[in-house]
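Each chain carries a letter (A, B, C and D) given by its place in the written order, and its residues are counted from 1.
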Amino acid sequence: MRLVAVQEEDFDAGALLARLGGEGTGGVASFTGIVRQVAGGGLKALRLEHYPGMTEKALERLADEAQTRWELTGCIIIHRVGRLEPGQNIVFAAAASAHRGDALAATAYLIDQLKTRAPFWKAEDMADGATHWVEAREADDETAAAWGQVPEDR
Amino acid sequence: MRVLYFAWLRERIGKSSEELELPEEVDTPRALINWLRTLGPGYAAAFSDEKPVRCAIDQEFQPLDAPLGRPKEIGFFPPVTGG
Amino acid sequence: MRLVAVQEEDFDAGALLARLGGEGTGGVASFTGIVRQVAGGGLKALRLEHYPGMTEKALERLADEAQTRWELTGCIIIHRVGRLEPGQNIVFAAAASAHRGDALAATAYLIDQLKTRAPFWKAEDMADGATHWVEAREADDETAAAWGQVPEDR
Amino acid sequence: MRVLYFAWLRERIGKSSEELELPEEVDTPRALINWLRTLGPGYAAAFSDEKPVRCAIDQEFQPLDAPLGRPKEIGFFPPVTGG
């Protein structure tokens, strides 16, 4: 079972997890990213922009890599785009395997790599009317690189 | 060639994509950036600093000094911030 | 938000995940363990036995430890007991945090520690009528110990 | 003192718990195991090999050579296999 999607609509994490529990699966790990209110509370909404076509290819590649690195029985990546308010879901990554370690590691890999290798950009619309683009975090590059053997593609 | 702009590059240039005929001597993304700067103040503002500019040639991330070749499209954008 | 339970009934992973997405949460990680059919396909059901009272205390302690080690906004551990057939849910661990790394690490910690530090025992009822108790795996001890500073309590 | 048995120890002994008056010289779980062995063939079978036996004193895991003290309950069981 494999599912990769870029969409404006919300996703149903429970229904997605249920789809991953198939033959030979001993465990399903998942990560759900949620739009977090900024310190001080001034965030009205995020706007998520992406590169249509390229994004889907990048996510499919991450799923391929996870399925190569670990023995998975299933793999899901869903990323939302458009306007998202604090508390709303933004991203879902999940992996199923016979072995818990594989499911957990693959899920962490998917979300770490997605942060630096999929063409999404976030702008913050603040309650005071200000708007600004979120800057990339060096820590995310380091976390992604720590998995090793990642193509130098940024 | 189709050239696409994302995030604040798109905002400064004022469009998300355009078809451009490039001079023959433009053989890398960096050379393309230098040429784009001459097209107007929006371009000059978008590309005033190359450091935060990333690119993809035919939807694959590439360094700014990669050979340009004859792609169908090239995208310029800041470092990605998804997830 | 904190929830620890030992129960015969199934759990609803989606509903549990939704309860973890509160104020200050940037990500929710989860692991769902599923009864896996054995190689050859002869497993009819698992019977899960536990030490009532002690089990709940052990799980509460794991939740405490996770909340001490990482900055969590929520934490859930649910373990089923009784008769469970292949494909059915057996365990759920989840953690929510402002930061994805904390949520992922805490979830892995909970499930790794639970394997060696909570008093549950599995018996396998086979289709051919045989029944036997599952033996503990040394690899689980090593995985649990790799987190370091775990009380020597087995 | 309440003594509890789990998994195959419970099956071999034929009961899940019992109240027992221990002799004063029983001062560790290991000494208790030695004493239990004398209570009958089920106990002897359950405790024939100490290596796979673990215990908890008042619901806390303890090594077999821990001081027994005067707990309310002690549980004997094989290594745990949850998750």
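Just so it is clear, a contact is a pair of C-beta atoms (placed from the backbone, for glycine too) under 8 Å apart; a residue touches a chain by one contact, two chains touch by 3 or more.
Nothing here was measured: the structure is a model prediction, and the numbers come from that model.
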Margin query: How many angstrom lie between the centres of chain B and chain D, each centre taken as the mean Cα position?
Written below: 73
Notebook entry, point to check: What is the distance in Å between the mean C-alpha positions of chain A and chain C?
Noted result: 24
Checklist line | Sequence positions of chain C contacting 2 or more other chains | finding: 33, 100, 111
Item checked: In chain D, residues with contacts to at least two other chains -> 83
Check: With chains as vertices joined when they touch, what's the shape: line, ring, star, complete or other?
Finding: line
Notebook entry, point to check: Which of the chains touch, listed as pairs?
Noted result: A-B, A-C, C-D
Checklist line | Touch list for chain D against partner chain C, complex | finding: 4, 6-8, 10, 54, 56, 59-63, 75, 77-83
Margin query: Please output the residues of chain A touching chain C within their complex, sorted ascending.
Written below: 12-15, 17-18, 21, 23-34, 36-37, 87, 89, 98, 100-101, 103-104, 107-108, 111, 143
Next item on the list: Could you please specify the touching residues of chain A with respect to chain B in the complex?
Entry: 33, 48-51, 53-54, 57, 79, 90-91, 111, 114-123, 133-137, 140, 152-154
